[in-house]
Amino acid sequence: MSGNKVVSEILRDYIYNSLEEGKRIDGRGYDEYRKVSIETNVIQSAEGSARVHIGNTDVLAGIKMTIGSPFPDTPNVGVMTTNAELIPMASPTFESGPPDAESIELSRVVDRGLREGHAVDMEKLCIKEGELVWIMFIDVHILDYDGNLFDAAALAAMAALASATVPASQFADQYPDYDLGEDFPMPINNYPIMSTFVKIKDVILVDPALDEETVADARLSVSTDPEGRVRAMQKGLNGGFSYAEIQDIVRKATEKGNELRDILMKSL
Amino acid sequence: MSGNKVVSEILRDYIYNSLEEGKRIDGRGYDEYRKVSIETNVIQSAEGSARVHIGNTDVLAGIKMTIGSPFPDTPNVGVMTTNAELIPMASPTFESGPPDAESIELSRVVDRGLREGHAVDMEKLCIKEGELVWIMFIDVHILDYDGNLFDAAALAAMAALASATVPASQFADQYPDYDLGEDFPMPINNYPIMSTFVKIKDVILVDPALDEETVADARLSVSTDPEGRVRAMQKGLNGGFSYAEIQDIVRKATEKGNELRDILMKSL
Amino acid sequence: MSGNKVVSEILRDYIYNSLEEGKRIDGRGYDEYRKVSIETNVIQSAEGSARVHIGNTDVLAGIKMTIGSPFPDTPNVGVMTTNAELIPMASPTFESGPPDAESIELSRVVDRGLREGHAVDMEKLCIKEGELVWIMFIDVHILDYDGNLFDAAALAAMAALASATVPASQFADQYPDYDLGEDFPMPINNYPIMSTFVKIKDVILVDPALDEETVADARLSVSTDPEGRVRAMQKGLNGGFSYAEIQDIVRKATEKGNELRDILMKSL
Amino acid sequence: MGMKMDIELIDKNGLRIDGRKPEELRPIKIEAGVLKRADGSAYVEWGKNKILAAVYGPREAHPRHLQKSNKAIVQVRYNMAPFSVGDRKRPGPDRRSVEISKITSEALEHVVMTELFPRSSIDVFIEVLQANAGTRCAGLTAASVALADAGIPMKDLVVGVASGKVDDVVVLDLGKEEDNYGQADVPMGYIPRTGEIVLLQMDGDMTQEELFKAMEMSMDAAKYIYGLQKEALRKRYEMIAREETEEIEGVQ
Amino acid sequence: MGMKMDIELIDKNGLRIDGRKPEELRPIKIEAGVLKRADGSAYVEWGKNKILAAVYGPREAHPRHLQKSNKAIVQVRYNMAPFSVGDRKRPGPDRRSVEISKITSEALEHVVMTELFPRSSIDVFIEVLQANAGTRCAGLTAASVALADAGIPMKDLVVGVASGKVDDVVVLDLGKEEDNYGQADVPMGYIPRTGEIVLLQMDGDMTQEELFKAMEMSMDAAKYIYGLQKEALRKRYEMIAREETEEIEGVQ
Amino acid sequence: MGMKMDIELIDKNGLRIDGRKPEELRPIKIEAGVLKRADGSAYVEWGKNKILAAVYGPREAHPRHLQKSNKAIVQVRYNMAPFSVGDRKRPGPDRRSVEISKITSEALEHVVMTELFPRSSIDVFIEVLQANAGTRCAGLTAASVALADAGIPMKDLVVGVASGKVDDVVVLDLGKEEDNYGQADVPMGYIPRTGEIVLLQMDGDMTQEELFKAMEMSMDAAKYIYGLQKEALRKRYEMIAREETEEIEGVQ
């Protein structure tokens, strides 16, 4: 990622040395997030939207909704599609073109957190079983990339959902044979939150900044719900975790999930 | 475009020197087109077709028609799609593969000229409002490229349309519930014509040949109708025009449009 | 194909020298296939399947079936699609990505042999004329590539078809308005077999191994039926055959087709 | 242009559907230096349009066959966020985006001193976050500011602004309904100081005189927008200077 | 092959649906040197088929990994214009075009003296402007002439010609209805002088003897078409010579 | 996870729908060296899953920009045959395959001594011939064996194994119905000797304690599978040794 090899070795040494002294290079505690801010309803053309900053990482999520057929094997629930775009605006390392493996992983992990966390009551997005359901697109646009996209994207997507309105009245003309009702708030069911940790040498850090990601050995993202239940996990990078480390991370993820959820609830 | 850098510098100097003496390298006047010829109905498998030469530039346009659904927001008009292919046969600089930015621009500019010029009465291509309309494909095949594709492609497309027959009888079996009627001539409404100018140093030239395009600073294509109204414009290349130059070009485009329209009408 | 140029020259000399002494490098006769084995019903998720070895060449074909609309111009027959994937597992020279010209040629030649040989009675795959037919996918997966893919793929596809069951009962729920009946064996009509020959210098060899393919001048594949009628041919590579050579190959192909067909029938 | 609809775009007082006078712009807000990672950036709100522009470079042009031995290339990627429009836009470039990227690139190449950076690419990314007619002009305006914010040597800033015709009246800066149901649209890229027109398109139906009147309206308005661009950059430089002063003071 | 239909392809007099005798070709017209930009070109009308072929090269093969250190490659792109067929063909290569391009390329590589141009590519573009059965053979015939017109050193010209079987009769050069409703089609690429068969396909249902009879018919016909190819090239050289003479006379 | 259905996944005796006990694996069969052309290969049958893995390399990484100056890259392509699943899968990578390829690659890169082969690529191809839940774990298990069979220097073998939760019971190695209608799935890549977890995913709904219990079940089972992997390699080496002896004897 961070280009030049010499630069990246110097960076690694610097981070290693700091950690040996028990410090992160930006002065944070190991279990401390950067400043997290959430602003909802920032895009009027979207049914719901949120812009999330985690430090300098800047992410914009928007919800669009339309009406269509359900999948044959799930006739009574709406359809949800999550897509994250690592647009080249956000980083010199992101390229134009079809989504690469990193974008696809990000999209799928964000999707899994929301889906398995039952963020939305998808049955309430069924209009007529087997015939017509709401189709929901969650699009996450990465605007400025300074590490920890997983948490920023998941948080922005959750906030956008929580602030969204299902635009039923707009579609009344198009579907005269169905009772779509009035516009209604997105039927939120749960607030799963993703929290990501990396391992650098033997140290576990939450919310890695880009420089930390660059030298990290292993990464684990854990999505938890308000009751502290685990809803999704994704390990990344080519290092390994011990079982004890994973237990430790899962426990901390619940704590951190609660902290971020508080910030989210205040933004709504 | 024209390959080798030394060659292109020599070419530039040659063109510049000629223009200083008030001459174009092929001896034409600044406001003079190369020889324009139009032959219609050259392809029997097409509903309409035309081959246009402007000097050595050689372009073939064909119209194909089928029947389909209208767009939801325009239920009472036919559908028109314009596509120009810069096939590698036509030039050593054209490559195989999906359309590049130049092909896309060409397609869109030709389309805009016809569409905004109301070349075809699209309402007459509606079979049943909101249900069935004629779908028209205008395909322009560039066979030999010696500059000024915009005018050649636009003229070929217009001539192909003007010579086309809507093949209603062919579709009778396929749509027994609709009255498609007999074959009928394409309902032509207007004859917009595109005329393209380039600026080389301070000189404005109509109908640039390839060598002139290669050294041109800026390009302006203007589509006008028989009443001299402007229907579409497209500026290209990275040079600039003054407002006075643009006024001059727009006025000349009307004249030139009339000249080309006369040639077109004689070919039909 | 076989990488390094020096190696390929040594290989060529070795093969040429052997042929001058009347021998193939693996000791076979000119008209002799390598060991051919066929195992059917190897994949339970498929409607029919077969794994074919010709020497070290290892090919797996699977049949999948679904229900859909017929083509408008053939309303009373099922739809058959053949696809061969040269997956990179099978050879260092096969690459990931969309099918290249070699895969496409292979798919189309296998398809042509089955289709023109009337392997399947496609009319029996019509459920209701003009409305509903069986859609059949023949997918050939090349697992280990040691030459003569055409014969191995064609044989595997034929064996997979001959061992397939049309899964009518599975679709009963999905198409309540149609009588799909019970599961039934694939309606096999004929057993066309492909046999491939190459020319190296002036020698004609059947069933080329990879090393022989690498140095071959010309290739001819001939698909014949049990009555010795010719159903499909495909010449390949940039060498030429004389008319006499082609007559010779066509005659031998019938013989070889019979041999392979015997092996096939025993496997069912 | 020209979808038909029984909609009155100019009222009896000569005012437009959003209350503007014919020669009146929508409100425009420009901010420079809004992203950390990019070498330069700008944010433009223009009516209901919300547009970000970022610049990276000069950096090595790749793939290599794009490199020019005597100058830099300016590569523009105009992109609409899926949620920026009424019906969700599928991600990835469509034909419209490719055309806009191309003409925006040509317009910017005119002002960037490309000859200073042979073999390089200057990459401009325009992201339309919310679209409401006139995004190509707003994007061009934003891109100019982002280039300046990136410290790219430029002959001048380019201003993007459109004019057109609705209900037979020549108007400045078409809004969404005017764009859908009006008679003509003329987007322009203009350099107020030199009077050069570096981007120009038109579609619709206008007499020559109407066209010229529209262009003149745009050129007038461009001067005002040019002021906003410069003001945004001035604020940005002040902020940088302030930050640097604070840093120095912090050190002392 | 083999769409079923109640259609009589051979009448009681043994004549075909378009009035031809079994061993009769459709009318063929060949012209060389029809395009200015290409290094060589040819136009073929063959019944209702209209086909252009153009040649560029030898030129540097790219992408580079295609280059062969000891010879040129011959790259063929067979392409159908969208309006060349009944239902519009979507632009871009389909699987059929890819296969035809491959076998045409192999056939031409046999006659081009590729060993003279290591690392080069000789690019052949075949555009089907109007299609009516037999385009691959007509395209191969045209491509040979275009290669010669480009001055590419060749061992000989290749002729493309098909034969087949309809209503149990072996016939030459299948027309559209014969192609759709006939029993077999055998496209061939043939070099009359050497007797080499460089392209051969077959689909349908034929006994060995029928197949051999069809191939013999094609080989006979190829000699005639070879004459047309040479005549087209002779006319082209005459025209060039005349132009040069006129130029010299003009100078004097 | 979590499609709703009236289906009893654990019966009154605590047994699973296929008769297994909660901590019981499906039958697993591993064979090394099953393909001739590949540098290494393995075949795994795991319940009704049938999976082939092949390894090529170390070989030059291409395209070149992927090369790392100080180590090899491990490139994994996980692919499902079109006929491996109920509804035919379209050929080519889908988003799920891309993700599985990525995490499998990361897991294997941990054990391959990549530093020995700068600028190289070690290419691992996993083909799912028949799929029945748990293919990513079976594929990882097969890939490890194929790497060892290819003689690629490795720190250790990786074992893939999943656990999860169905009907509120923590179970090992979910079958197809359990995967469809269960409550959670936790695929893991584990190195029994070092205790390192190199692949980990989870989706569903579990308390922390359930998750930990599931992981412990997987870690236990991994030791058994590790034994199968080593046994497959032992047999393969024996066979190679036998073949070599025979060859030597044949020579004598």
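Letters A, B, C, D, E and F mark the chains as written, and numbering starts fresh at 1 in each.
Here is the rule we go by: contacts are C-beta pairs under 8 Å (C-beta built on N, C-alpha and C of every residue); 3 or more make two chains touch, one makes a residue touch a chain.
The model shown is predicted, which means the values in this text are computed figures rather than measured ones.
*Asks:* Figure out the least number of contact steps between chain C and chain D, where 1 means they touch directly.
*Replies:* Tracing touching chains, the least step count from chain C to chain D comes to 3.
*Asks:* Touching both chain A and chain E: give me those chains, sorted by label.
*Replies:* Common neighbours, chain A/chain E: none found.
*Asks:* What is the shortest path, in steps, from chain A to chain D when you may only step between chains that touch?
*Replies:* 1
*Asks:* Tell me, please, which of A-F, C-F or C-E gives a repeat of the A-D interface, judged by over half of the contact pairs matching in residue number.
*Replies:* Within A-F, C-F or C-E, the interface duplicating A-D belongs to C-F.
*Asks:* What chain is the most remote from chain F, judged by the mean position of CA atoms in each chain?
*Replies:* B
*Asks:* Quick one: which chain's Cα centre is the longest way from chain C's?
*Replies:* Checked the centroid distances; the maximum from chain C is D.
*Asks:* Roughly how far is chain E from chain F, centre to centre by C-alpha average, rounded to an integer in Å?
*Replies:* 52
*Asks:* How many angstrom between the C-alpha centroids of chain E and chain B?
*Replies:* 31
*Asks:* Between chain B and chain D, what is the gap in Å from one C-alpha centre to the other?
*Replies:* 28
*Asks:* What parts of chain A, by residue number, touch at least two of the other chains?
*Replies:* Residues of chain A never touch two or more of the other chains.
*Asks:* If a residue has to touch 2 or more other chains to count, which residues of chain F qualify?
*Replies:* none
*Asks:* Under a traversal of the ring that begins at chain C and continues to chain F, how are the chains ordered?
*Replies:* C, F, A, D, B, E
*Asks:* Over in the complex, which chain C residues touch chain F? Could you list them?
*Replies:* Chain C residues touching chain F: 43-46, 49, 56, 58, 60, 62-64, 66, 83, 85, 87-92, 96, 98-99, 137, 139, 141, 143-146.
*Asks:* Considering the complex alone, what residue numbers of chain D touch chain A?
*Replies:* 35-38, 48, 50, 52, 54, 56, 59, 77, 79, 81-88, 91-93, 123, 125, 127, 129-132
*Asks:* Help me check something: in the complex, which residues belonging to chain C touch chain E?
*Replies:* Counting only chain C, the residues touching chain E are 5, 73-74, 101-102, 104-105, 107-108, 112, 115-116, 220, 228-243, 246-247, 250-251, 254.
*Asks:* Under the stated contact criterion, what part of chain F meets chain A in this complex?
*Replies:* So the residues of chain F touching chain A come out as 1-3, 69, 95-96, 98-99, 101-103, 106-107, 109-110, 186, 191, 194-208, 211-212, 215-216, 219.
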